[in-house]
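What follows is a set of structures for review.
Two complexes follow with chain A in common, the first pairing it with chain B and the second with chain C.
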Partner chain A sequence: MTTTSTHQTEITADPDVPLVRITREFDAPPAKVVRAHTDPELVAQWLGPRGTEMRVDHFDCRTGGSYRYVHTSDGVEYAFRGCFHEVRPSKLIVQTFTFEGFPEGVALERLVLEDLGDGRTRLTSTSLVDSFEGRDAMIASGMDVGIREGYERLDDLLAR
Partner chain B sequence: MTTTSTHQTEITADPDVPLVRITREFDAPPAKVVRAHTDPELVAQWLGPRGTEMRVDHFDCRTGGSYRYVHTSDGVEYAFRGCFHEVRPSKLIVQTFTFEGFPEGVALERLVLEDLGDGRTRLTSTSLVDSFEGRDAMIASGMDVGIREGYERLDDLLAR
Partner chain C sequence: MTADPLSRVFSALADPTRRDMVARLAVGDATVNQLAEPYDVTVQAVSKHLKVLEDAGLVSRSRQAQRRPVHLEAEVFDLMTKWIERYRRQAEERYRRLDAVLLTMPDDVEPIPPTQTQPTQTRSTQTRSTQTRSTRTGESR
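Now for the complex of A and B:
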């Protein structure tokens, strides 16, 4: 298994609102990139940092659906859950997100896929929370490592 | 039918984040106030400004559920929908909210109920969006009238 892409994952903190913005290109068309986000069997193969095992409790990726999954890393379990506000095939996923270890924290996430042509896709993901402290703590938690490694694993999955 | 309460509805725009905060007291215990938010037959009797007819498309107010309803006012229909991120009985409802006339706009809403004793409840509701422009447009749209009148209708419902 080889990594076929060296695309950079750009993670920026918005200066005006408590939001993190992530952009990343993939060498695959939007329909394929979106399927890797909506099909739980595929999601489990790439979401999270390298070495993560993912167990899907439920994952009903449609408008009005919900999800819960558990990551295991070095024997420690981390559970995440939320609901899908809107799923527009090949275009957009709007969902909520909570790490169950900090149940008061809820992020509103928006994933947008842009067709760049030639079988390429630009993904833009935003994560909005209700305070700058919460946003900055999220960034300081090492989320960037998990996101970058996850997208490298997704590159591998898309290249298969 | 008489209004038994003259409680003020306080609506404030947060200075730091694009969030609206609403606080309101009710002369009813939390369990009763929350039931008026979770039982669609009750919700339809108070949500929205006076003179609004509400038709519930679906309203599954539990963690991971979703909702859609249509308000009719002066013959014009306004549809709203979202998903329920978390519902903690008598305590908390976290949900998303979209007016279908502006489908790109999504708010993350958090409703917290506090037992004040003596059969009284303080409700705090926050609505978070991703820009100050969007937040200020929401306030300028006359949402305050709908909220104030809705809570007066809720007073009446709770007094029955």
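Now for the complex of A and C:
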């Protein structure tokens, strides 16, 4: 984990639609980067949040395929599933993403791979949800302080 | 726009010019004209940027906006940037694990695995090695 790299992950949020965009460059050609997204044995090694175990139920990364995997953290299971809507090897993956604990919510995710030459790739991942609140919940999902407490504190600050 | 507070702050800070302005205001209050100086844009364009920052609660100014200094609401700014930076850092950690996985892969790999793989359970060394740290800092989600 200390082998890389000066690449920095960049986050941007679209002002007009509830979308988060994450951009990152990798010292590997597109075929390798995409394989790490399409091969369940590789996906399980990096996708889950740290400190969690990832079990892949099924992972059929082809146009029209689907996936389901489970993260286990402190004995609690969090299951996620979705469909691969369009898969163009080394170019593009369009998929849906749903947390089974909130099954009516769904994100539309788009992964675009850009060949930078010299064995490098720029990966742009966008996640579109159906409300700004949903996007905020996504952003705040990793916080020690829950989003509600955060909002309460923000409300206090803005009310001054 | 009817977006909620975090969305407004997030969007406001997504623009590099507005981030510059926030950085300038972190040093001290400034007038609109002072803020416009470093940029090759009109005062009107700067005012437009300031309006976005103001709507997000990040800066405040009095009614006589042209003359009165703009003030950075540092507490709001700190709270919001913490949220956004945490999200960014989690993505960065995930991609560093991906960097490590890429190093273990052969160069001539096919983009899609050749056969459908059976259900698999993996506990990566990366996950294992970071577990104590995440416990210590309480940062796992």
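Here, the second predicted complex is superposed on the first by the 139 of 160 C-alpha atoms of A that agree within 3 Å, B and C clash if a C-alpha of one lies under 4 Å from a C-alpha of the other, contacts with A are read in each partner's own complex, and residues count from 1 in each chain.
To be clear about the criterion, a residue touches a chain if its C-beta (ideal position, glycine included) is under 8 Å from a C-beta of that chain, and two chains touch if they have at least 3 such contacts.
Since we're looking at a predicted model, the values are computed, not measured.
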Examine A:Val94 and indicate which partner it touches, taking first as chain B and second as chain C; both and neither are also allowed. first
Please indicate which partner A:Ser66 is in contact with in the superposed arrangement: first for chain B, second for chain C, both, or neither. first
Is A:Val112 touching anything from chain B or chain C once the two structures are fitted on A? First, second, both or neither. neither
Using the touch definition from the top, say if A:Leu19 reaches chain B (first), chain C (second), both or neither. first
Most chain A residues touched (candidates chain B, chain C): C
After superposition on the shared chain, which partner residues are touched by A:His85: those of chain B (first), chain C (second), both, or neither? first
Once chain A of both complexes is superposed, is A:Phe132 in touch with chain B (first), chain C (second), both, or neither? both
Is A:Ala28 contacted by the first partner chain B, the second partner chain C, both or neither? second
Both chain B and chain C touch chain A at residues 16, 18, 132
Contacts from chain A onto chain C in the complex sit at residues 1, 3-5, 7-16, 18, 20, 22, 24, 26-36, 38-42, 44-62, 73, 87, 89-90, 132-133, 135-136, 139-144, 150-151, 153-155, 157-158
Applying the document's contact rule, which stretches of chain C touch chain A when the two form their complex? 1, 3-7, 10-11, 14, 57, 73, 75-76, 79-80, 83-84, 86-88, 90-103, 105, 107, 109-113, 116-117, 119-124, 126-127, 129-131, 133-135, 138-141
Which of the residues in chain B end up touching chain A in this complex? 16-19, 63-66, 81-86, 94, 96, 98, 103, 106, 108, 110, 126, 128, 130-132
